[in-house]
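Shared chain: chain A. Partners: chain B in the first complex, chain C in the second.
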Partner chain A sequence: MGQGDNVLEEKTEKDKTLSILLLRGPYVSEYAEIASKLALTARKKGYKVNMFLYLDGVWLQHIKGFKDFSNPGDWLKRAVRKGVTVRACERCSSARDLTPDDTIKGIEQSGLYSFVDMLAESDRVLTFIG
Partner chain B sequence: MSMKKKIMISLMHGTYGHHDDCYGAIQLANAIVAKGGEVTLFLRSDGVYFAMKAQNPTGLGLPNNLAEISDFLELGGTIKVDSNALTSRGLEPRDLIDEAEIMDSALAIDLIEQHEFCLTF
Partner chain C sequence: MTETGNFNSLGIVIAHTAAVHENAHQVVSLGLEAMKRGKRVGFFLLSDGVYNAIRGSGEVAAGLSQAISGGGKVFLSSEHVVASGIPGEKLIPGTETLEKPYEALVDLIMEEWDRVIMC
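Our next item is the complex of A and B:
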């Protein structure tokens, strides 16, 4: 290996993947909103970003309507529009009667293994829990 | 996609009757080890209750965590318990399942360094 080759092999933000695990729903705390905003910021920096909504975190996909106050669902919609891959735990959603028809478009409900796949490709992982 | 990473899951909440964090954590831990990853469950704070030997939630109508823990251990998972969290709750090692390894709190940073990711529940 020649001088500088190691530099070429280093990943930049554009090659890196950040995965976010959200475990709490909206409004009970600011975490749902903070997670979505962080996902957007990371996208702007060039990261590939995944979000997995797990346990009560799945409620975030349900916040679809207009609010004249803080709207964490809007931030999640923006994240989806900007290319953040968002998945919601299918079992947790089903337990809370959250059907795909009743949630923000562009969010797939999938099994826990899809989060394991996200972990496998990640350079950084953040958990949001209150 | 196979999973080759070492993941630490720090479990800090008690089990049964309020949050489903413990159940969610062990479900995820089992999914990771089933796909070939290595997982250490680190029980801290109220999370130490997760490994109680005599737990029985039958009256609550909830699944018993011990069944999931058994699967986790069979698949090669490791459980470590913060010694301070245990003693401050009046619990002793003999109250926990035999496979739980008691660990000095001061070694938590070493545990973090041994893993690629740390997830908190």
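Our next item is the complex of A and C:
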């Protein structure tokens, strides 16, 4: 995590939570990029933001080296650095042979039940599934 | 028509064209029905969803025009309109093209709309 990446001015913090469920991987549609940009923008505006990567959505966390083209995973990386809580379905990742070494640091592999916790604390939920 | 539900405003985000699947058509119909029931309805078109805002392009465009006529809002992502190469004169009259779409969309989702549907 870069210095200062996770720090927002206190005056910008808002008492509302947005949670995003992503079921689509990058490069299939723009869903992965839109979801990541929305998460990042909402966090920058001071909202608490959660993202849960499920089914093919777990591919979004699979980014290692630098890419000289637009990569939705880079937006997710920025979102994590800014304090967005991102969790990925452990079973979905395992099924695709994604290991912690393959994925963005700071993303927790967890069960779908943790998404229920996200739902419980959310004021708004966006689902990117279609 | 009796007002139902415990919400007053509905936001519908459309990122696909009607040509891909029926969802765009369905959510526009849903939005129009919500307006009939007294809800404030806003549509936000981004990604390929902006193609739905081409005037005369089909039933979805007609539905969006109807929504605007009835007091609904139709917002467009500027960056996606530009990327799609749609000239301004081909857009449905009354649509609002937003220069900072993600910031605007977050404001709508978190502060303006009580319920949000993604399509």
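Following the convention adopted for this analysis, the second predicted complex is superposed on the first by the 116 of 130 C-alpha atoms of A that agree within 3 Å, B and C clash if a C-alpha of one lies under 4 Å from a C-alpha of the other, contacts with A are read in each partner's own complex, and residues count from 1 in each chain.
Please note the rule applied: a contact is a pair of C-beta atoms (placed from the backbone, for glycine too) under 8 Å apart; a residue touches a chain by one contact, two chains touch by 3 or more.
All figures in this text were calculated on a predicted structure; none of them were measured in a lab.
Undergrad: Which holds for A:18: it touches chain B only (first), chain C only (second), both, or neither?
TA: second
Undergrad: In the superposed arrangement, does A:127 touch chain B (first), chain C (second), both or neither?
TA: After superposition on chain A, A:127 lies in contact with both partners, chain B and chain C.
Undergrad: Which of the two partners, first being chain B and second being chain C, lies in contact with A:113: first, second, both, or neither?
TA: In the superposed model, A:113 contacts chain B only, not chain C.
Undergrad: After the superposition on A, what does A:42 contact: first (chain B), second (chain C), both or neither?
TA: Touch partner of A:42: chain C, not chain B.
Undergrad: After superposition on the shared chain, which partner residues are touched by A:55: those of chain B (first), chain C (second), both, or neither?
TA: It touches chain B, and chain C stays clear.
Undergrad: Would you check which partner chain A:29 touches, where first means chain B only, second means chain C only, and both and neither mean what they say?
TA: It touches chain C, and chain B stays clear.
Undergrad: Using the superposition on A, tell me which residues of chain A are in contact with chain B and, in the other complex, with chain C.
TA: 125, 127, 129
Undergrad: Which stretch or stretches of chain A touch chain B in the complex?
TA: Chain A reaches chain B through residues 21, 23, 54-55, 92, 112-113, 115-117, 119-122, 125, 127, 129.
Undergrad: Of all residues in chain A, which touch chain C in the complex?
TA: The touching residues are 14, 16, 18, 29-31, 34, 37-38, 41-42, 45, 47, 123-130.
Undergrad: Residues of chain C touching chain A in their complex?
TA: 13, 15-16, 21, 23, 46-48, 102-103, 105-107, 109-110, 116, 118-119
Undergrad: Touching chain A in the complex: which residues of chain B?
TA: 1-5, 7, 19-21, 24, 27-28, 31-32, 35, 37, 117, 119-121
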